[in-house]
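You will see chain A twice below: alongside chain B first, and alongside chain C after that.
Now for the complex of A and B:
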């Protein structure tokens, strides 16, 4: 019989092989109620890990209330809050529905979802349409009539328009776009401007054919050409679709999800099923977009977007996107050092995401909780900074807490020591 | 009275200030006959320096014949050649008409031209529309019915469509696009995919409004989204428009043009008027696109596209575009070393083209013939490889000959030693 270490190493190789063999293709845009597993008319999803309503951070609370109003489930915030307290609204993490949401991750029945199919493994994952640029979005816990109108336009006009264009081109190969974008200065988390341009180029001709009318076409193209981070949500859904098939790989210590709810940071591990291992979320270091804002205004780390780091993007490939260093006053050497440091906690490298500045060596990928704990090296995440009440106020980077990796490793030892 | 060295240093600072203060804006697309100074119905332009018909390389000869046929000046290649030998066709370098052409640079009366205005200095420069991708283009000396039809479509359909869109957006700021593209892995000579995407995004909405009909719109968007190097020609015209106002700066040893006609390499120097200083063109080292092709098939270095290096792009900022190293089997360190080496022959740095991999230090810019000769460091040019008859067969990099810099420096000494 093989020793545990050998079993784990082999399981990790297999888990990583599953991730790297994924072929995420953006195949559809549909309302959440039609496609997201377990969705109901009165379900509101939020960025993981799970958290009780009473414990939620400001952006989550405000975002959930906004979504209840937008869905027409309640007429006032007070009514919405009463519904929550009466249990008339179900509040659940995106990750429990094969979904990932940036920032608050607020997703409700009518939210138009990017549907990404991992064609190599036959599973699907989802993320809402990006609302575009701006400091005040539902994504950041904001809600007013203007935001509501924009969400409705996305649901009623942009979503169906994109759906038709994406179907017309036979789906969009997300991994191919990521691979090219990494050659173009995107780390695909805090910066995805190249990915967005490549996506737009890919569907531009189809949009001309499929848009229902001239105003729809002009409004959609205007939105898509101005929203620099639009495709981040496609990349996130692709990441989730690549990681999900590896979840449940027995004996594997590979991380399959990292997510933050503005209070706690949580991870899931391939060999440990659906359990979340959590620790208090850290504060993000970085650049505040206005001089009036500072660290005291910020909510702790928030959002499912760290799914990008979980497949070796974002903070793991800062060396591919030195522009992102501008948020943290770093240097090219620091970016390279950070990527090399992340390689020390990873199982392997991804030849499909080669890093130009490292002579096209593959991005480090597949976080091994053993290595994180042994080296006491906390994974690095590029991310936004959200105000503790609501609104986007900055961007930068944050380390994961180590405690959740330590808990996970203890649980792993308990589960597998006797097997 | 100041000594000559001080006068030259000050003149070079002034010449470089003129270049860096340029604001190139793509303002129009028009047939060459309408906008290019000194153009006539029977003029054919080619990439500089000047060269007699009998001495031209294969791609130039074939390109000139093709243009005569496309313009309807002759019905057969034999008739076209007879016209040339009778002096019924004027063959002149693009550079003598404020124009730059990639590859053969073949430009005739009906060629649709990108019109770039340097709004800071009030001058204009021109470059033909890119024919798009492909190994067989007039740009590479090829001509047949398919190529003729495509050129006619560009002249009759794409040109007017782009003109309307560019006017609708009030012109396109080319320097802004270059600056962003350099952050996205383009060195803006052998690679301008990001610049092209950014350009397309900027005019996409306007195209929807201004295209004359649905087929025009679809054909134009299809072409623009597929032609990865389309905007190189806009960048070239911008470079020419930035350099021209510095030409004639007395006492300046700054290079204002570098161009190759497949036989000779030539430079112009700010303080030496319109004189070309030439030496035999070198062969390009690089990657041949098919195994059947090798160095023996290649024409020597060809095209005006080295105007990009003349403003500090291309081979001067390889550190910004490590992907381009794939043509020459280089490494990131080699790319960085090359950029640092080019800095040793330059007057200054361009803060508007910061290089991410060098912690955003500015691109080296403004070639000083004194430094080239003193250090015996030949400027490095990224470029295509053309077949000695016709056709694109590869891409790579080439050093300029040193002899033309040495001749220019001697001429400079003669002209200014007694002043």
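Now for the complex of A and C:
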């Protein structure tokens, strides 16, 4: 009989093989109600882990209320809150619906979703369209008539326009874009401008060919060329689609999800089913975009976008994106050191995401909870800084708490030590 | 009695730096040859985690 160490090592190799063999392709853009599993007209999704309404941070609360108003489920914030209190609105984590959302992750029935299919494993994952740049968006917990109008334009105009273009080109290979973007200075979390440009290049001619009218074409192209982080959401959905097939790999200690709800940070582990292991979310260190903002204004770490680190991007490959160091006053050497440090907690490397500054060695991938606990090395996440009430106020980096990895390891031992 | 110490001060320094890079950097800035050893004090984990890691890693 194989000893437990060998079983875990072999399970981790298999889990990582499943992830690396994934082929995420952006195949469609559809309203959430049409494509997201378990979605209903009165469901609002948010960034994980699960949290009760009364415990939510400011951006989540404001974002949920905004989505209820935008969907027309209520006429006023007070009515919206009453619906929540009465249980007339279901509030659930994106991750429980094969979905990932940046920032608050607020997703409702009419939200236009990027549909990414992992063609190697036959599963799909979803993320809402990016609202574009700006400090006041629903994804940061803001809501007013201007934001509502923009969301409606995305749902009624941009979404169908992108759908036609993506279908016309037969889908967009997201992994191929990530691979190129990493070699063009993106770490694909805080910086995805290269990925964005590559995506636009893929669909540009199809947009010209399929847009319904000249105004739609100009408005759509204007939006796509101004929204530097647009394709981050496609990358996030791709990451989720690559990780999901590895979930449930028995005996594996590989992390399959990391997410933050502005109060708690949570992880899921391949061999431990759907259980979230949580600990208080840390505060993000970084650059505040206005002089009047500082650490006291910030909410703790927030968003599902750390699915990028879970797939070995973002903070795990800072060496590929030295410009991101500007948020934290770092250096090229620090970025390289950070990437090498992240390799010490990973199962392997991804040769399809090569890092030029490290002699094209592959991105570290497959976080192993054993190594995190053994070395007490907390994974590093590049991310935005959200105001504790609402709004984007900065960007930087944050370490995960270690306590959730330790909890997961103890749970793993309880489940497998006697099996 | 003091000869070995005097020799240390008058001879070229040969340094092995164990751990914190700051010391090695300071010497290197003064053109002193330094061999760097990457080392950290062993971490102290709670006993339950140590036992689990012995079984799993």
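Keep in mind that, in the parts below, the second predicted complex is superposed on the first by the 419 of 419 C-alpha atoms of A that agree within 3 Å, B and C clash if a C-alpha of one lies under 4 Å from a C-alpha of the other, contacts with A are read in each partner's own complex, and residues count from 1 in each chain.
The rule is simple: a contact is a pair of C-beta atoms (placed from the backbone, for glycine too) under 8 Å apart; a residue touches a chain by one contact, two chains touch by 3 or more.
Small disclaimer: the values here were computed from a predicted structure and weren't measured.
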Query raised in the report: Does chain A have more residues touched by chain B or by chain C?
Result: B
Report task. Check whether A:209 is in contact with chain B, with chain C, with both or with neither, and answer first, second, both or neither. Result -> first
Query raised in the report: First (chain B), second (chain C), both or neither: which does A:197 touch?
Result: first
Report task. Please work out whether A:2 is in contact with chain B alone, chain C alone, both, or neither, and reply first, second, both or neither. Result -> neither
**Report entry** chain A partner contacts - residues on chain B that touch it in the complex
**Finding:** 183-185, 193-194, 197-198, 200-202, 204-205, 208-209, 214, 217-218, 221-222, 225, 322-323, 331-333, 356-360
**Report entry** Interfacial residue positions of chain C with respect to chain A in the complex
**Finding:** 43, 45, 48-49, 52-53, 55-57
Query raised in the report: For chain A, which residues are in contact with chain C within the complex?
Result: 4-5, 8, 253, 370-371, 373-376, 406, 409-410, 412-413, 417
